[in-house]
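One structure coming up, written as structure tokens, with questions to follow.
In this document, chain identifiers A, B, C and D correspond to the written order of the chains, with residue numbering beginning at 1 in each.
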Amino acid sequence: MADLSQRLFGVDFQSPVLLASGTCGYGEEYADLIPLERIGGLVTKAVSLEPRPGNPPHRVAETPGGMINAIGLQNVGLDRFRSEKLPWLSENLHDARVLINVVGHSVDDFGAVVSGLDGEEGFLGFEINVSCPNVADGTMFGTDKRALSDLVTRLRSLTERPLVVKLTPNVPDIDAYARICEEAGADGLSAINTFPGMLIDVERRRPVLGNVSGGVSGPAILPMGVFLTWRAAAAVSIPVIGIGGIRSGDDALQYILAGASLVQIGTALFVDPAAPVQVQEDIEGYLRRHGVERLSDLVGALSLPENLPERG
Amino acid sequence: MRAPARSWARVLGNRVVARDTRWIELECPDVAAAASPGQFVMMGTGLSDVAAPFLPRPFSIGARDGDGRLGFLVREFGAGTRRLTRVEPGDELLILGPLGRPFHLSPDRAVLCLAGGVGLAPFLFVSAEARHEGCEVRIVYGERSGDRVFDLGLVREIAGVDPELRTDDGSLGARGLVIDDLDLGDRPQLLACGPDPMLRACVRLATEHDLPLQVSVEEHMGCGVGTCQGCVVLSATGEWIKSCTEGPVFDATELTWQT
Amino acid sequence: MADLSQRLFGVDFQSPVLLASGTCGYGEEYADLIPLERIGGLVTKAVSLEPRPGNPPHRVAETPGGMINAIGLQNVGLDRFRSEKLPWLSENLHDARVLINVVGHSVDDFGAVVSGLDGEEGFLGFEINVSCPNVADGTMFGTDKRALSDLVTRLRSLTERPLVVKLTPNVPDIDAYARICEEAGADGLSAINTFPGMLIDVERRRPVLGNVSGGVSGPAILPMGVFLTWRAAAAVSIPVIGIGGIRSGDDALQYILAGASLVQIGTALFVDPAAPVQVQEDIEGYLRRHGVERLSDLVGALSLPENLPERG
Amino acid sequence: MRAPARSWARVLGNRVVARDTRWIELECPDVAAAASPGQFVMMGTGLSDVAAPFLPRPFSIGARDGDGRLGFLVREFGAGTRRLTRVEPGDELLILGPLGRPFHLSPDRAVLCLAGGVGLAPFLFVSAEARHEGCEVRIVYGERSGDRVFDLGLVREIAGVDPELRTDDGSLGARGLVIDDLDLGDRPQLLACGPDPMLRACVRLATEHDLPLQVSVEEHMGCGVGTCQGCVVLSATGEWIKSCTEGPVFDATELTWQT
């Protein structure tokens, strides 16, 4: 059998396939449908310091080749996450790795969540979601280089656990953001989060989503995700987790060849909860067919044309 | 309740039962065995292509039998249901279910189902099961116009009762809304499923007559199993709660009703 | 019959439907298949000062719900455009409006093309494509606020014809770019160009496109285009042309309700050259059905919820 | 050449003629009337959904008759051709065509067609037309293995000749490549269509024997009509030229051949 495992952040991932934040709840909800202990792991729904009520409906809708969501980061908040959700993860997941997705409106918010969980059991590390607007100045940490650097530097000082920063796709220079995170001490990067989008109900002349705009995910964003993962991975030497539109082994392999060490599956779970296991099996079949011994040999193993022409 | 299963279900039949409306039968033994009236499934076409419906769509279980068959009343609404209503016997659909909380019937009261449009679907199943257990069931069923009225022979066959029919334009059955001129003499328990304005009218009716009311609500869904938080409705205490796992059937008093 | 016309840039557009740059050549190629004189107009393939050879194949491929292209702005250059392509437009198009899409690697490049065509007949104005990397510093005019402002200011001084700037989608703050263009004297904006993307042939472990990466277009980007058009239109008082993934009247109406005065159809032409006329007829049907007298009554006529919740 | 038309064409037939390969017949009178051998169509499913093929795909015209019927040899390759090979009689496909430059035959020389895989398609049409005009036509047809060889009875029926068959593994016909052991005694004009390495071998062969060679090339296409510049190949003078309008048939000397 081909070796799907990867050693990263000081531990082994038995498979490169993780479930993406916000699409697998806190694990428990999918426990009957997905053999969680057979996959690489999962990333929890975002956890914020205070509980968040979330946005009014509609919160999800289909878009061409994908979907749009504006959940509004509804979550139970740090305290209830720690007392009600983390114990299940701690008791039930041993072979699957858990990252906790963290959001906040300020560096202190983020810091409080990270510090508040750091001493607990049941998870490997943090995935920092920087797509949330900073209340102080309105921009997002993910699109403000200085704010991002300060945030990662601070969080680094608060935990020795793996710290993965999840990058926003709507910047022209993701490589610069990737380097900033690496320099500030991040252990890894996740690329990408959703694209801002909007759907309009033309009959009623109003936005479909209660929140007006939302984030686009699913197959529609696959080529953007592969590109941004390639750019980010080329810019840093820490591992990158590829995300966006994955629904098959080939899709996952595109990310891996582009430089991703792990991948996350989000929207595809809603369409078919069997997707993660299927993707794993497809990757294994590929390794066997191509005589590749270990998955790590494929990470970034893309051949580029010799004289790369100018872009545009 | 049993855990939901994911399975490919073979289409056994698909017939037109009203304008834009089909009765679709699937072979889906796991779901059929586990389902209770009021539950739903997520129905989709899988990951192999991205045509709508890419995300699966929720449908109430309209009937099940002992041979592992499920029946659904599917009305064409947008691009996703357009494709679903075109399936043919032998095609396969990806089914996740049974999902959600079913209706809870008190054995000591008659059941009055208030159905607007395809809101009729869960009540076919409710009626079949409740009558089987000796409950008395009535269905009041409203549509905008006669051409949208679902084949009444089939309703009788599945539900075991003749619905009391209302149409907005009076083109078939009595003219009027589902809640008009209702006989509530036996102080029945009310179950309602249909468009939002109808549900609100049912809430007013139940409050006025002090009758218990359960409603089945419709909200856009992502996962159907409680992970995405996409399907929320406003609880009586002002929180957004998931209609896929805490509903789709709610006691009317559990929700906030905007008027 | 409902009135589809719009008065913009001092002239009448008989319909809001234009063909997008790069997807309709120089008009002539579609003359047998699309009744050009019945639609709003077209935007030519990009014209640069010198001819451009373009990228090696593959140059196009399908992506989920869309396509990716890396043509490399292959074009005949200013001189041959003027002598070989413009005359056809001038002779054949009278009711349809023509914008010339202009690219360059420096302000002088752009300026030379604009000046070189300004005195000619056969077109209404210019659409400035700022997605091309600036040779001097490598970034694109479209993602560098200072460079963009300088470019538009200079071009404004060179022509009195309508000057439309075509915005890049991969910035976090398209509203700021929109305002910069308006302040520098642009008469209108086009939103949006393609998203950077990449496809990998996993069997051969190499990029599908000869140019490695390319631009993603088609239905997949519709919700992003509607959102960015809405943001851009809200930021300025000059007209916005909505672009991205349009294949039906409803899609076009989403852009119009979001604030677009005109729309462009690109990728959908390849799938069905009947799309522009169909979209026009669908919009007309909508106006009739809804009793809207003139299309301009719908521009930006989106109702927003009263208390807009926070984003994220 | 007549201007290309856009039309919805009804599927008349679809049969398996080799592994993963179908012979698909469409009713498409405009294209049938105007087509010449070597031309192609863009075949798609229209704008109503975004499943692959969303962009239309190019296919050589394999046959046409006087009743407005077209025949295509379609081999399943990726997601787009998977869907196209599944069409059923009565379905409709959106067709743009006829497109591109056809083969030009000199009346004074025999025609030798060199076909690799589905590269056979245009030669069915070439042969039918050329023989109709009294030309002598031979087809040498290669496949990787016997199970991929297209139904030879149908080839004979359409092309009017029996192809000389080669397979890489010798499982059917002679073992070897299309260009192996060719009888070039009558100094024929060569026409070639097939995978790139085969075309390059044909170019070497033609040069060696100083025979005229036309090739039909395959490149990814966007529009098929010359607007997108997506389909370029390298001309002999080092420029990227469009294979949809300047090709797909080129005189071998018009192109640069990397070796």
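We take it that a contact is a pair of C-beta atoms (placed from the backbone, for glycine too) under 8 Å apart; a residue touches a chain by one contact, two chains touch by 3 or more.
Predicted, not measured: the structure shown is a model, and the values here were computed from it.
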item	value
Those chains which touch chain D and also touch chain A	B, C
Chain B-chain C separation of Cα centroids, rounded to whole Å	45
Approximate Å spacing (C-alpha centroids) for the pair chain B, chain D	53
Gap in Å, rounded to a whole number, between the CA centres of chain C and chain A	32
Approximate Å spacing (C-alpha centroids) for the pair chain A, chain B	36
Chain A, residues touching no fewer than two other chains	56, 64-66, 218-220
Chain D, residues touching no fewer than two other chains	50, 52
Touch-based graph of the chains, sorted into line, ring, star, complete or other	ring
Each pair of chains that touches, named by its two labels	A-B, A-C, B-D, C-D
Chain A - residues contacting chain B, complex	22-25, 29-30, 32-33, 45, 53-54, 56-62, 64-67, 69, 71, 74, 218-220, 247-248, 267-275
Contact footprint of chain D on chain B as seen in their complex	49-52, 79, 83
Interfacial residue positions of chain B with respect to chain A in the complex	3-6, 44, 46-47, 50, 52-56, 80, 94, 96, 219-234, 239-240, 245
Chain C residues within the chain A interface of the complex	55-56, 63-66, 68, 70, 72-73, 103, 131-133, 139-140, 143, 168-173, 195-200, 202, 204-207, 210-213, 216, 218-224, 226-228, 230, 245, 250, 253-254, 257-258, 286, 298, 301-305, 308-312
